[in-house]
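Next come two complexes built around subunit A: one with subunit B, the other with subunit C.
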Partner chain A sequence: MLTTMLTKTLTKTLTKTYHAITKNDLQTLLDILNQSYQCVGPTVSEQTLKYSSISKLSQLPLGYIDQQRPGEYQLLHNTDSKDYFSITTGAQGVKPWLFKAQEKLWTVSKQDGRIQFNSQLTDEKPLAIMGLRSCDMAALKLQDQHFLQQQFQDPYYAGHRDNLFIIAVNCHRSTETCFCVSTGDGPEIKEAYDLLLTELEHDFIIQSGSSAGHEVLAILAQQVTLTAVTEQQALEKQQRLNAAAQQSRTLPDRPIAQLLAHRLNHQQWNNIAERCLSCGNCTMVCPSCFCHSEYDEPELDLQTSHHFRQWDSCFASEHSYIAGFHFRKETRQYYRQWLTHKFAFWHEQYGRSGCTGCGRCISWCPAAIDVTEELAILCQETSCHVD
Partner chain B sequence: MDKPKIAIHKFASCDGCQLAFLNMGPELLELAAMVNIVHFVEAGMVAPQEEVDIAFIEGSISTEEDIERIKFIRKISRQVISLGACASSGGLQALRNLADGEQWLTELYPEPQYIQSLKNTHPLKKYIKVDFEVWGCPVNAGQIKQLISSLLLGAKPQQTRDRLCLECKRQQRVCTLVVKNRVVKHLVVKHLVVKQQETGQQACLGPITAAGCGALCPSVGRACYGCYGLADNPEPHALSMRLEGLGFIGREIAQKLLMIHSYEESLQKEAQQLSTKQRDIL
Partner chain C sequence: MLTNPYLPMVGEVLENHPETPDIFTLRLRLKEPALANNYSFEPGQFNMLYMPGVGEVPISIVSDPDDKHIIDHTIRAVGRVTRVLQKLKVGDETGIRGPYGSSWPMAQIKKKDVLIITGGLGCAPVVSVINYIVKRRADFGRLVIMQGVKHSNDLIWKDQYQQWAALENTQVALAANQTTPAWNWSSGYVTDLFDEVCFDSANSIAMLCGPEIMMSATIRELLQRGMTEAQIWLTMERNMQCAIGHCGHCQHGSQFVCKDGPVFNYPVVREWFFREGF
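For the complex of A and B:
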């Protein structure tokens, strides 16, 4: 498993090949991938974008764009559009496919007077995921850092991660809540993909970034014509990336981590707590959040019990319950924990901030709290403390 | 060792919570192998006086007789467990506590003198010590199974009071407070039923409601009604402010908050605040 990870990292440095394919050629790519992988991609479902199994080009969100604002998500459809990937993100990216929202870890049963543990390591068909954006790719790297730390690898995450094939897609537009430029994670995807697509008006530019990607590209080349990228197409790619880089939201251009760590009694935490529902949606849609809880489900015969883990949230009161004591009790404390972990203490843990600028916590906050706006206030030159 | 005895008693309620036992399907047979169900009228066993290890109580206390009966059940039962909204917080019928029940009686019944009920209806805990509360309107078979297997193992039952939002998002449900998918309204215009699609978000109570139902309503694109009672650290005021911001009027919000768990003081307080902005909430 580790060697595969290593290979993937090494092959990143392989010479990248740039080709153009027609939009219809994407169907051939899907056919090839579906032979060896369970292939998932963005689809329109329940007035939003969800990743689900795809085998036909027609399942992709052709002509759809997402309009995201604080606490608001709406899809619009342009029947004249020829773009499959104008839509940016839905509530989830790749996280639920690797760090599963609910997963059985082991079953324990009594057999011949002895207790027997059986872990449920995955034996699924390998996954190919199409449509991940720069924010998703950066968040994937953060999740890898957390779950695949050298001597403490999580076997469940690693099991799903091991054979993952990634067809990343460069954004050609941003939605109102995007701020990946400001976190330094986008809009252009630079690494860790197997294949990368950049959608142009009439074609895709396709490039491989790993040996697995190179193999798929070689098979594709036998079935469709890979043409050299023209100067015109390269220019269009750059124009489209530039368009995606037009973002109105930014993080404060100040040392956020240091400021937050010293502003734990800022008045703004109380102000936020008046609006915050403490619902935890921000943590559920955050592609880097990794907290989880575990629970048991005993069978009625009392001979067998199943042990599960599930996504947890720092907004849940049980999450801060230790040894008979809740050490966080108020919404102000829950929100502060989330924000300071993500933007301040993550640096100590993993060497950078835990935010990749996807804006999901802004769009999917039912109370329309905008993290960039709150950080701007919390990190203002003069701080307002309360004791 | 003798099998533990259980009883299922009914007070003012719709019977929906008892059905959770019958809805267990084949697992009910497994349960019957582990415990001795001595009193369960809906399934045909009648022995209300028998001493039991676990008594499950459905329904709220609404009459003088109810008070005597629940006190008696407490005496003959090692563990008393409230089953569902009515037993745990008075349920739908507690709405009458907020109104003039006497007036309702005369308005609704042709011969109101035959009805003898308490002025207010109350959850069990007002009259007896309850060992464990199971929330829901109605509760579901999974909760019952988890509860009984834990008790049989001698473990404290684990039933979450975390928010529905967490359960909902774990299932990749779409947030009804965010996606503009307000339900179709049926209006009657000149005797014709007219469908009207409103654009906007729905008034979902998920952010203040405890998980446990499996996000039943959001899974079909509908807002949460709050059946499972208040979650830990609920923020009803922040929610009602947000709902007002989304264009809901105070009356709608108050009715929504009070529908199932009107017995909760924090919900009453919030509804009261909304009513000072707009009179005549109920």
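For the complex of A and C:
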């Protein structure tokens, strides 16, 4: 869509190179992308970070950083800071843009006893999402696996996902709840992006990772000066990545999947259940959770009904309900289902754990339950009670 | 554009036959001839039936896979959707998606003895298997049908059991926990019927359907009688909303019951089977 003879020539010369651009050049990048894409990026909203439609650099959270602890999320503003991407994560990453919290699937209408189904699939302007971090890039891959790479493909997810342009951003700091190093998903982003930014104090290092990325970079090169990365900038990039890799939280260095699956009666499940409110926040903020329920919204004349899906949680009692019976009835079972699915069964389903270390379930848990701490206890070498 | 597996097709009611006050058999055909011609299923699979404005439910298919244009569902009216389905009349339209899920291993069991062991009201998922075998009797060994019900009045398809019992090389054994004087089968649980039936355990396949507590007890009996776990197949029920492995409700350990099941070879589900909370 953006290809011209000139960009084709430039694309060749830009392949696999790193360049530096100034912070203001990001506005030009946004302008270029907004011609062909709906641009989405991090903004400050409702005292957290939220991915919203953006067209101006000024919408990005300049000078903001996040402070996260178990059960705690706070944004701080430093007017001296020139960093746009210091906030690590908000309550949500990219998930709500692709697997929507609520989405109409189809509409059914009834006329003279005859019924007709109409799919609500629509063609949309492709999305360009700026600001994705390593944890959310890994989670995106997990959602792709679930919705697109199984026996059935989800056409709604695919509709939002197709032609998605990703401008990923390397983290230059971690917050207290981050543990992506321990899951092997970060902090450095190594694949699956179209463009990758590393924010330095005064510049960005930009690199492309796909033909679409090359193309956009080539157009950018016509409008701003792409400079070679200096030794000093390369060093600063490394220092910033090193800083992001400083994380205090880790997953236990034990065979978590095997241990969890065989410790279903561990007394720690009861201990957790005493604190857990089964509010489902952890599943709502988790970037890999995929559960959703379907429901109808009939119009008042009862001739038309709209069929929706919306995010659901394994912490809801209806989640396991079939006529007259709940397979899971209590908090201990809800939490155990969530944790064993995420850290044990996910391996069999998708070849790895379902956790990418974003830490959201820790920060957004109103009871400050820390998944890394619980796993450490559940996977301890000398367990109190093992079945 | 991808095909949309979430979108129902239109089904027309050919018949709505009451079996008991709350059980009925709904015969549907797909309205669109092209879709009807392409539709095929295997015994054990299910459809999602939809009532406009009410919702969707998974229902197993009980008709014969060779009857291309009729799709039968035997349904117990217990929930919001099934109660409305019960009211459908001939010529009414409803939504239908499917078929979904795994099927009974019909190809693998040729020449073997087949034990069909069911409990509760719901032997619907195996009726198609019984009919399938009855129609192709020479392809299979001995057919043993064992069914347990809570109360003798709960038994549906009484005539059909009599007909099956009269077939060559076929044995029918029924048990009820509570019985009326007219009941001339056994009393007790389905597991109490093992002393009445004969089969060659080394050359048999068992197919189970019913509450998990009943299937669990039956599995113990089968293993004691020399069958291996791999000879046991069962069908499971869980909350299913999408039927295509996306919505997450039907997860049982690492399995999605809707697409990896509902019919499983027992060793596949053994680890989590009948464990509280799974």
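Just so it is clear, the second predicted complex is superposed on the first by the 364 of 387 C-alpha atoms of A that agree within 3 Å, B and C clash if a C-alpha of one lies under 4 Å from a C-alpha of the other, contacts with A are read in each partner's own complex, and residues count from 1 in each chain.
The definition used in the following text is that a contact is a pair of C-beta atoms (placed from the backbone, for glycine too) under 8 Å apart; a residue touches a chain by one contact, two chains touch by 3 or more.
Owing to the predicted nature of the structure, the values given are computational and were not obtained by experimental measurement.
By the touch criterion defined above, A:L302 reaches both subunit B and subunit C.
With both structures placed on the common chain, the touch criterion links A:H292 to subunit C but leaves subunit B unconnected.
Once the two complexes are laid over each other on the shared chain, residue contacts for A:N281 go to subunit B alone; subunit C is not touched. In the superposed model, A:E348 lies in contact with subunit C only, and not with subunit B.
Contact with neither subunit B nor subunit C is seen for A:L235 once the two complexes are overlaid on the shared chain. Once the two complexes are overlaid on the shared chain, A:Y73 sits against subunit B while remaining clear of subunit C. In the superposition on chain A, contact is made by A:I322 with subunit C only, not with subunit B.
In the superposed model, A:A243 lies in contact with neither subunit B nor subunit C. Of the two partner chains placed around the shared chain by superposition, neither subunit B nor subunit C is touched by A:A221. Taken together, the two structures place residues 295-296, 298, 302, 312, 318 of subunit A in contact with subunit B in one case and with subunit C in the other. Every residue of subunit A that touches subunit C in the complex is listed here, in rising order: 105-106, 108, 110, 113-117, 119, 121, 146-147, 150-156, 158, 261, 264, 290-296, 298, 302, 305, 309, 312, 314, 318-324, 327-328, 332-333, 336-337, 341, 344-349.
Here subunit B touches subunit A in the complex through residues 27, 30-31, 33-34, 145-146, 148-150, 152-153, 155, 158, 160-163, 165-166, 169-172, 174-175, 177-181, 201, 204, 206-208, 221, 232-233, 235, 238-239, 241-242, 245, going by the rule given at the top. Residue ranges on subunit C touching subunit A, taken from their complex, read 1-10, 50, 52-56, 76, 78-79, 82, 91-95, 237-239, 241-242, 244-249, 251, 253-254, 256, 259, 271, 275-278.
The touching residues of subunit A, counted against subunit B in their complex, run 46-48, 50, 71-74, 91-92, 96, 101-102, 274-281, 284-285, 295-302, 310-313, 315-318, 329-331, 334, 363-368.
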